[in-house]
Structures are given as structure tokens and as C-alpha cells.
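Next come two complexes built around chain A: one with chain B, the other with chain C.
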Partner chain A sequence: MKLLTLNFLTCAVKTCKSSSDSFPLHPKDAELASDDVEVNPELLVNLLPRLDWKALKTTSAEVFLPSCIYPLGFPQLPDSPPTIEQLQSDDKLLKDLHSLLMETNLMEGKLVCGVCGHEYAVREGIPNFLLPSHLV
Partner chain B sequence: MMASTHTPSALPSDSVAGDVAKLAAAAAASQAAESAEAEAYEKTHVHGVYEAIAPHFSATRYKPWPAVASFLQSRPPGAVGLDVGCGNGKYLGLNPSVYMVGSDRSASLVALAHSRGRQLQEQQAQEAKKRIAQGELDATTGTGGESSGAAIATEVLVADGLSLPFRERAADFVICIAVIHHMSTRTRRQEAIRHLLRCVRTGQAGQPGGQILVYVWALEQGNSRRGWDEGGEQDLLVPWVLKSQQKQPKRLKQRKGQKRTRDQDSSGVAASNNSGEAPPSEATAGATTAATEPDPGHTDPVFKRYYHLYRKGELEEDVLAAGGAVITSGYERDNWWVVAANEPLPSQST
Partner chain C sequence: MSRPEDTLLADVHYDDVEARKYTTSSRIQNIQASMTRRALELLDLKTPSLILDVGCGSGLSGEILSDIPPEEGGPHVWIGMDISPSMLDVALQRDVEGDLFLADIGQGVPFRAGTFDAAISISAIQWLCNAESSETSPQQRLARFFGGLYQSLKRGGRAVCQFYPKNDVQKQMITSAAVKAGFGAGMLEDDPDTKNVKVYLVLTAGQSAVANTKSGDITGVVENMEGVDVVDNRRQGRSSGKGEIKKGSKQWIIKKKEQMERKGKVVKTTSKYTGRKRRIAF
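The block that comes next holds the complex of A and B.
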């Protein structure tokens, strides 16, 4: 699962959705892998305004902090997202974002909800959001 | 609407109020029981079957429906899409300029979709490297190539259609193809559509909201050999014959013995009927009996999937009941489809 996708996932428990703490989910015991992915500049540029930048910042900090491995040129994402023009003109920025969003994969571990604390297992890059009956 | 035990204050007397409260509580309890029953029924007659037939099913599902393909191709670049009930992921990556995440209740199908997406990704990366090596294309600018870039088809997860893990109002579109007709009560089918609507953006001034595309099997199939048509029974168990000449998937073999959905009755080609919308107790009871191996006469194992066949106009009714607004709808080769969005903001109650 690409880090990009974590930007669109929240807890599957109905009662958690109304709380802002259910997003983003928090990676735990995360094992990351880096994929070789062809750059799609058009897609990346167009996706930019649809990202929740604050959540992306949180996710990348939580994912990389424990291992202290930052694959990017910048140790931390800037507080505000780059503009489309910046992304289009800055080749390095584009590649860094591509590497973070498209090439960095959560392979094993858990995704934890900040409200109910439920841990969703991620195995072989696939998270499982099926709920135990008491949480449905 | 969930029944509430809260007693309206305008009631004439305490005793009536008490009765109403009791009735409401009883209704809530029976609704919960009904929903649990429907869930258990679908577990046997939908989820269990797909787990068992996944590789075989997937091998037969590679052609996109034209209406779905044209919907996907017409999404704007950078659109964020969801495929709820993505199966083997055939729609993921169909349009390389949008980003899609697929979900399915069947872990086996999701695993197939995932490996398919990863294969595509590797292939694209290798081809891009080759092109760069040949100096034909600068990968970062994407100039020179006829394609608009690499498609994303790897993003899949396991989830239930009534407990989706998607950030609400974040998607630009959702497709839900051949899924809703597997829900065994009308309440659940409408609830499923409500969940899809919750995933897409609501409209803002000057900007239309996100759209959902729902595709279901039609009752009116006059041109097919199945023999279903207007006025017929809408709730059916439809057999899936696992052909023995088909390479037997090893996952299936591993699970023999614990499979509760295997049904030896291969004579039921005409499908057994349900009465009304309640899950048929007879079929449920039959399915919970011990698993049966294919008989010694080498009859191909038959799995029966539950379907609710939609009659003309019913899908639109369900969209309205779910709080959606129909944008367009139509019929395509034995299926009804609808494109819908959330009601415009002013009339929205939630």
C-alpha cells in the first residue's frame, strides 16, 4: 500500500468517522519497501490539490521516525504544500514527492485508529478493514 | 432509520408512551436480528462463494463493461476514485490519469487484484527504463510518449461495503459494479448506496459534487439465455459451476472440509427462489450442513450466489432513498446502471 493511499483512509468503525482523530490512521510496527514506479508527472500535479497535506506530514513523520530513514532530500515535509507551479518547475521536488507518495509502500504492520484504538493488520501490502462483530 | 427508545413527549398518556417505547425497542431488536441474519446469509451465499471461486471467477472477468469504461475515461486528470467491490481489479488502472483505490470483501480477489497491479507497475517501470536508455523519452517530463504516464492499479484493500474505511467526502468518484445486487435486503442495498455517496465530495457553489456509478444485474434479461424477465422472481440463488477442466486452484483445495458454502445440488440450474426480501431460511439451513466433496461421478462443484435482480426503475428508487440524486441511468446488456451524486447542499439533511 502506497503512502499516498493512507491519505484517503480512515477507521471503518461508524462512530469513529465523525471524529477528526480517526484520520489519518497511525502506522505501527511498519515495514516499508520501496518500489520502482514510473513517474507520472501529470497525475502527481493533478493529485496535489486533493491531498490532505497535514495528514501526509503526520503519516510520513510517523512512518519514517522509528527507522530514522528518510528517503527524501528534505527531512520533513514543509508545513504547507508546494504550489502546482513549484511542482511543475522543480524536478527534484517532483521526484521526492513521487518517491514518498508512489514508491514508498507499507508492506507489513498495523494501522491504528486514534479514536477506538482498533488495529488494522497490513499483510503483504494489503490492509484488512473487516471489523470484528462487536465493532460493526 | 434506526428505531429509538426515546419517547416523544407529545404522546397522550404514559402507558401509550411506554408501549411505543417497548414497540420501538422491539423493532430495534428485531431489526438488529434481521440485519445479523442478512449478514450471515450473505456470508454464506456471497462472500464464502467468492472466496472459493476467486481464481476461476477472476479468469472470466477481464473485459470492462463499456458504460463503466467510458465513465472512467471521462474522469478529469488527477481525480481520486474508489472501486467498491473491485474484484480482481480490472477497472483499476484503466485510466492512467486518475488514481484509484479498490476494496473488496473477498481477500482472495483482493490478493489477485494486488498482484495484477504490481505486475503492471513492474512492467511499466521496466518499459520506462528502456525508453530512457534509448533516449526516446525524458521520464520526468513525459514528453514524447503517447501514454499519459504510468497507471496505478496496486492500491487495494479488504473491506465490507457497509463498513468502508474511506475518508468521507474525499473521493471525486466511486464505481460499484455488480456488488449491490448481492445484498439480501432492500434496507442493506440502500444503505450500501448511502455509503458510496458518503465517499464522494459534495457539490460546492459552481463546482459539481463527486459522482457514483452503480451497476446491477437486471431482472429484464429478455435477450439472454437465463430466461429471466419482467414480472419474474427477483431474489435468486444463481449457480456458479466450477468446471473441473479448469485448473483447480490450490487455495480451494486447502480449504476443503471447512467450506460451508459448497452445495452439491448441481441440478438447481434454474436457481432456487426466495420469498420476498427475507433471506430464505431453507437455503441458509442447507448451506450450513457439512461441506460436500464433488461426488464420485465427477460432477463439477456448484456454488450458489445470492442475487437480487433489479427491476426497471428500482435502482433509481434506491438511489433516491439513499439521499442521492440521479444524474443519468441506463441499461446495458442485462444490467441496470445509474450515475448519481449527493443531493445539492441546501436540501441535505446530514
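The block that comes next holds the complex of A and C.
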């Protein structure tokens, strides 16, 4: 699962729907893999206004800090989101954002809800969102 | 034609053997590809978009989305949800580009509001007409699905669901669940009255530039297409008591006119244009 997807995913448990802390889900014991994907600037420009920048910073800190990838020059995100114009005129920023959102994949581990504590298992990049009926 | 939907659960029907058989059949590959292209045509996306593929299976529908060239507004990025581990397994082996979720759409759509530009569903939602367990009803599952889909789409976003209704009752059940969730809805049938008939439910979430046609919320696309039935029982569905007359409606204007006439005032004659929205002409 791309890190992009984590920026949109919420807890599926019924009682968490109204709580803003059920987003983003927190990766635990995460194993990452990097994929080669062709850069699609128009897509990033389309998505930029929809990204939750704060959540993106949280997620990248949570997945990279415990691993050894982070210190090896992995992109540091700016503190506030760039404007569309900034993204379009800054090649490095575009590439960094692309590699973070589109090329970095969560392969194994868990996604944990900050409210109810439910853990969604991730195997071979596929999160299991099937819920027992009393949580729906 | 036998309908596995009637007797089995989706995750039981699509086991390893069936998932492989389904995905490697070139007949099925062609049909799913052409229906996906049709759905995309109805979505009318102009730029690379984030799309939800509901009941994505082994990725036969999703891979079309990844393959749309830039000249045609692609390639799109998609996220797929499916309840069958075997189908998802085949998707993994085929190395599809979309992200996959093992999930039951009858339990909802776990993405924050306004996530997706659009959604497609190819040959999947008829499965929702059967309760997966005794604890839920099809109505409840349809409500969760369409409710979740509605809020996960950006305002003005569209969803196109091709599905195989068993009969008119199912068609009605699905459409009215979508309308109840807030969607503007239209139904399109390709090759009607043949055994190859294909039914597409076209949905819009809230206002968009093209949605401003006479029913106020239906996609312009659907309305102007041949063979399309606009389903808009939303208004009737929402208004309370029977016989209520909505302010500004044609009926309301006629009633006002009658009142004014009784008071001796001169009023315009009622015509087929009475009470219609005036649109700005460009």
C-alpha cells in the first residue's frame, strides 16, 4: 500500500467515525518497500490540495524513524504544504513528494487506530479491513 | 444463466479455482475491459485522478484505469476493495498498480471525506442484495455502502456502477439506496432487451458544473444520453407529508396565480415553462 493511501484512510469502526483522532492510522512494525513508478506531475498537482499535510508528516516520521532508511537522505518534508505553483516550479520537491507518496509502500505490519486501538493487519501490502459485525 | 449471488457468499464463490478461471478467461477479460471503458467514458475525467474501484477483484477493471494515456486524461491511480482473498491474490500475482484492500463494501468505505475524484464498480454491487449474515439486511448493507461512497467522493465527483440486477426489484432496491444516500442518479442500459444487456448506475455526489440541469442534481451526461432514465425520486423521498407543495415549484406558482386571480390581479397564463428554472445562456 502506497503512503499516499494512508493519507486518506480512516478507522472503519463505527464508533470512530465521528472522532478526528481516528485519522491517520498509525503504522506499527512496518516493513517498507520502494517501487519504481513514473512521475505524474499532473496527478500530484491534482492531489496536493487534498493532502492532509500534518498527517503526512506524522506518517513519514512514524514509518521512517524506526527504520534505517530515513537518515540516508530521505526527503525532509517542508513544515507547511507547498502551493501548486511551488510544486510545479520545484523539480526536487516534486520528485521527493512523488517518491514518498507514490513509490514508498507499506508491505507488512499493522495499522493502529489512535481512538479504539483496533489493529488492521497488513500482509503483502494488503490491509485487512474486514470487521467483526459488532464493530460495524 | 445461473447466479452464484443467489446461493453463495462472494468470498466463498470466488475461491482460488474460480478466481483463476475468471481472470484467465479471455472472454471475461474482454467484457470487463469494455465495461470499464464505458464507465470511464461516463465519468468523463479530464486529468489524472484518484479512483476507487469497488469490488476490484483480480484487477481486470483497475488495470484499464492505470493504462489510460496522458492524451486521454490518464493515467489514473486507483484503490481497490474486495472481499475475496483469492481474487486479491490473483491481483497480486498479476502485479497490478492499484492499492488493494481486503474489505466488505457492505461495511462501509473507510476513507476520509472527499478522498476520491471518482469511483467505478464493475460487476460487483449486485452481491450486496444478499445479506452476508443473519445480523444484517441487504438494505442495511446497501445503505452503509452508498453512504460511505457518497462521503468519500469529492463534491461533484461521480461514480459509475455496472451491475447485474436479478430483476426490477433489485434494480429498484439499489437505485433507491443510492438516492437515499444523497446521490443524483441515472440509469443507463446498453443493448437493452437482449441477453447482453448491461446496466450502469451513474451517480453524482452533490453539485458540479454539469449537474445544473433541470432536476438540479443529475449529471448532464446522463440526462442528455439516449436510453437513459433519470432516477430522481430524491425529492419525493425527502419531503414529509403527502400533497405538500414546495415553494417555488410549478404547482406552487399555479396555486399562487389562482389566489392572485381570485383577488382580481392580472397574471401570466400558465404554460409548460411555468416554474422552470431560468438558466443563464452563454
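Basically, the second predicted complex is superposed on the first by the 127 of 136 C-alpha atoms of A that agree within 3 Å, B and C clash if a C-alpha of one lies under 4 Å from a C-alpha of the other, contacts with A are read in each partner's own complex, and residues count from 1 in each chain.
Throughout what follows, contacts are C-beta pairs under 8 Å (C-beta built on N, C-alpha and C of every residue); 3 or more make two chains touch, one makes a residue touch a chain.
Note that the coordinates shown come from a computational prediction; the quantities given were computed from them, not determined experimentally.
Trainee: In the superposed arrangement, does A:36 touch chain B (first), chain C (second), both or neither?
Mentor: So A:36 only meets chain B here.
Trainee: Which partner chains sit in contact with A:9 here, chain B, chain C, both or neither? Use first/second/both/neither.
Mentor: both
Trainee: Per the overlay, which chain contacts more chain A residues, chain B or chain C?
Mentor: Looking at chain B versus chain C, the one contacting more residues of chain A is B.
Trainee: Name the contact category of A:79: first (chain B only), second (chain C only), both, or neither.
Mentor: neither
Trainee: Quick check on the output: what are the common chain A residues between the chain B footprint and the chain C footprint?
Mentor: The answer is residues 1-2, 4-5, 8-12, 23, 37, 40, 42-43, 46-47, 50, 52, 102, 124-131, 136 of chain A.
Trainee: Which chain A residues qualify as touching chain B in the complex?
Mentor: Spelled out, the residues of chain A in touch with chain B are 1-2, 4-5, 7-14, 17, 23, 35-43, 45-50, 52, 91, 94-95, 102, 120, 124-131, 136.
Trainee: Over in the complex, which chain C residues touch chain A? Could you list them?
Mentor: Interface residues on the chain C side: 47-50, 70, 75-77, 79, 81, 83, 88, 92, 97, 99-104, 107-108, 110-112, 114-115, 117, 133, 135-136, 144, 154.
Trainee: For the complex, give me every residue of chain A touching chain C.
Mentor: The contact residues of chain A facing chain C are 1-2, 4-5, 8-12, 23, 37, 40, 42-43, 46-47, 50, 52, 102, 124-131, 133, 136.
Trainee: Which bits of chain B are touching chain A when the two form their complex?
Mentor: Chain B reaches chain A through residues 76-80, 96-99, 101, 103, 105, 107, 110-111, 114, 121-122, 124-125, 127-128, 139-142, 148-152, 154-160, 162-168, 170-172.
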